[in-house]
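By letter and in written order, the chains are A, B and C; residue numbering begins at 1 in each of them.
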């Protein structure tokens, strides 16, 4: 490594002082004169048409500034980072438990809750699609449009079908990973207000202020330069704050009331409606020579992506590229299908499908090592990416490939701090 | 009975969006007193992208870390930053900051060259001084340079952006260049499993990460330590339960969705591995997501090693372990 | 709604607060006294983000009613620093890189303050035990534990 003047050493983080002093302003810490509090009326069924929505009693409650449904939206009522398939407020049907149906602004948080309790809804319930398998059946109800297929991807490299006969050993396993929550410690929150120039300001806990700005502008039907989104100090994200949370609802209420509107989600609401990690099933066949060289990988990957796309198209794009792991393999196939269901929406979560892929490729490498009576570190070193390796998209790696160094340095450190554990790992039967 | 097991997990991770453009930008100005404003779009969620931006700016401009003030993620003043996701901000916003600084340095170099009578390409900017690489005695301080800039009516301002060199992937077979660069990692992890209760104790984890050039050592270590806690919890304690009828999340609270406490995490030995490359700013790569990944398969493998099981699914909860251990005893007995 | 009057000491100063009887100590501190370093993370005493020092002990202020603060001595993170300068524990959190998103930081620091007041020379295990009621999702706790041990060492040297 070069002799850097500033890098590769330690400096106190630029945001550390205000955080240790307690003066850092998170979204929930903002207070403005004349501020209202906002809340969301949400569905308690997973899949249904709305037959009737009565907001009259809520509107009549003293201290309630406004109650709005989708008819109040001046611009677009569909958003999403890749596919615009999620409504700001439900207009056609409910697609999951917790869909936003109406929003309330009131003088106090207590009044918001009272008003929400006064909203009445009648549903015409539909069969809820709760599994990938049911989603893919011809006669299943469709969550969006006329198919439940959200995205498919197909990676094909080399000739997998002809490769199996060159293998001395083949391992086949099915891996499933589950649905998880980010559980950032700060629940989602934000505040919106119109400034003196008529620009809609949104201060919010987020991982992508510019995307938020574009969605707020589209929903309000105003140019993007008429919206300002400022990231508040944000209490963790891990991908869970990449989707729209309170931005649109706050802005809509601020537009109608001409007053600042703050929304702070409870832990429960935050966890209920923010995105989750995609649960995946990966049926994988891996073949190698008796020396442990990978010859072929074939994986069929399916996923229940939940009610809205969110980052699913990014996850399904990334997982197949990473399905072999950091290893050379001349023949690879990965077919991936993600489906819509009425389950909680899955989205970005630290790793974008690669943690799931890693459960599969590392499970297969460990299984191969066992079948070949090899040291699991050695089989990884034999196949490791190096400068000049080609990945299954045909890309040649030309620089900055430090994988072997991570293997050897981890092994050497383990020999120092956990020698017995390392010995057990490297034992071969 | 308590049984120990060891597992290894490796990963690679393409930094940035997959086969898609995903640019980010930065603005920079060196002020008359040599303090600096850097403005980036990148949202800092505590991982340290703003600290990264300050570090890269200081290294590029030849100033100290303390000279840099960073503002971020306010669309009124900051240029596009893209998402804080895909472990992309160190690579992409880092390059944007470097590019913005290099633009600002155009006038700085021209002025220093005139003042020192040294060709621009021979100038070195480092630790608040400017000198000739041919003769280090020919030098001036940064304040002197900014004073000269002021006399000549020149400003050190720059805007820069970076978009990774990728290609769209072929829809038929996904061929192409999905990412410009990749991070790598290996984790070796030891557990102790109580076969009676199914409880898993996380003992030690060594996690080595190729980050190219580390921007800050503690920043990288902090990601690895936090990622290892989240990765081990992925396998042994965290799970969303869904009500089969309403499809609502049944455990949306921190008392019912269990994340690790200071008593649960393993002792983590983070190893910062460097590698040579030109793509990232000073060769830096992302580590946010890589920090999480290898501990997940390593934990699965360690549990399997401890009790001779063959788990291929997550999560692995105590009841699963007790059941697997009993089945194994029965088939062997 | 009826109001109650609470007399207590907050950050070394006597205060009289008129507040609603159903309010939690957390709400009283954040809303009535504008002490927003006290964070709400879970509302059920699990995460420790709303930790304050209450008569010398840590409590999760989401689980205490405002009325229970009558006569109490309460310290929030705002009461730790002097003239905007970090104290020994706060400085140690900065120096070790123990702060990432910062949302758990106020509770972590207050818990550390109470631990070190009682036990100036804790072992690593004792620190882990003391901090176990404060959840952090970013750091994996390693640098937080290091910060508390560093603060203890610096405090002992000072003394």
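Everything that follows uses one rule, which is that a residue touches a chain if its C-beta (ideal position, glycine included) is under 8 Å from a C-beta of that chain, and two chains touch if they have at least 3 such contacts.
Nothing here was measured: the structure is a model prediction, and the numbers come from that model.
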Write down the chain pair with more C-beta contact pairs when A-B is set against A-C. A-B
Going by the average position of its CA atoms, which chain sits the greatest distance from chain B? C
Whole-Å separation of chain centres (CA-atom averages), chain B against chain C: 30
Please tell me the distance, in whole Å, between the geometric centres of chain A and chain B computed from their C-alpha atoms. 18
Distance in whole angstrom between the CA centres of chain A and chain C is 32
Residues of chain A whose C-beta touches two or more other chains: 10, 13, 15, 183, 234-238, 267
Which residues does chain C have that touch at least 2 chains other than itself? 41-42, 44, 47, 97, 99-103, 135-138
Residue list for chain B, restricted to those that touch at least two other chains: 45-46, 48, 216, 218-219, 227, 230, 253-254, 259
For chain A, which residues are in contact with chain B within the complex? 1-2, 4-11, 13-15, 44-46, 81, 96-98, 128, 130, 153-157, 173-181, 183, 206-211, 213, 227-231, 234-239, 241-242, 267-272, 276, 311, 314, 317-318, 320-322, 325-326, 342-344, 348, 350-352, 354-355, 358-359, 361-363, 365-366, 376-377, 380, 385, 392-395, 397, 399-403, 405-407, 409-411, 413-414, 417-418, 420-422, 424-425
In their shared complex, at which residues does chain C touch chain A? 30, 34, 36-37, 39-44, 47, 49, 76-78, 80-81, 84, 86, 90-91, 93-95, 97, 99-106, 109, 135-138
Under the stated contact criterion, what part of chain A meets chain C in this complex? 10, 12-13, 15-26, 28-29, 31, 182-187, 233-238, 264, 266-267
Within their complex, state which residues of chain B touch chain C. 45-48, 216, 218-219, 221-222, 224-230, 253-255, 259-263, 265, 268
Chain B-facing residues of chain C, complex: 41-42, 44, 46-47, 96-97, 99-103, 127-129, 131-145
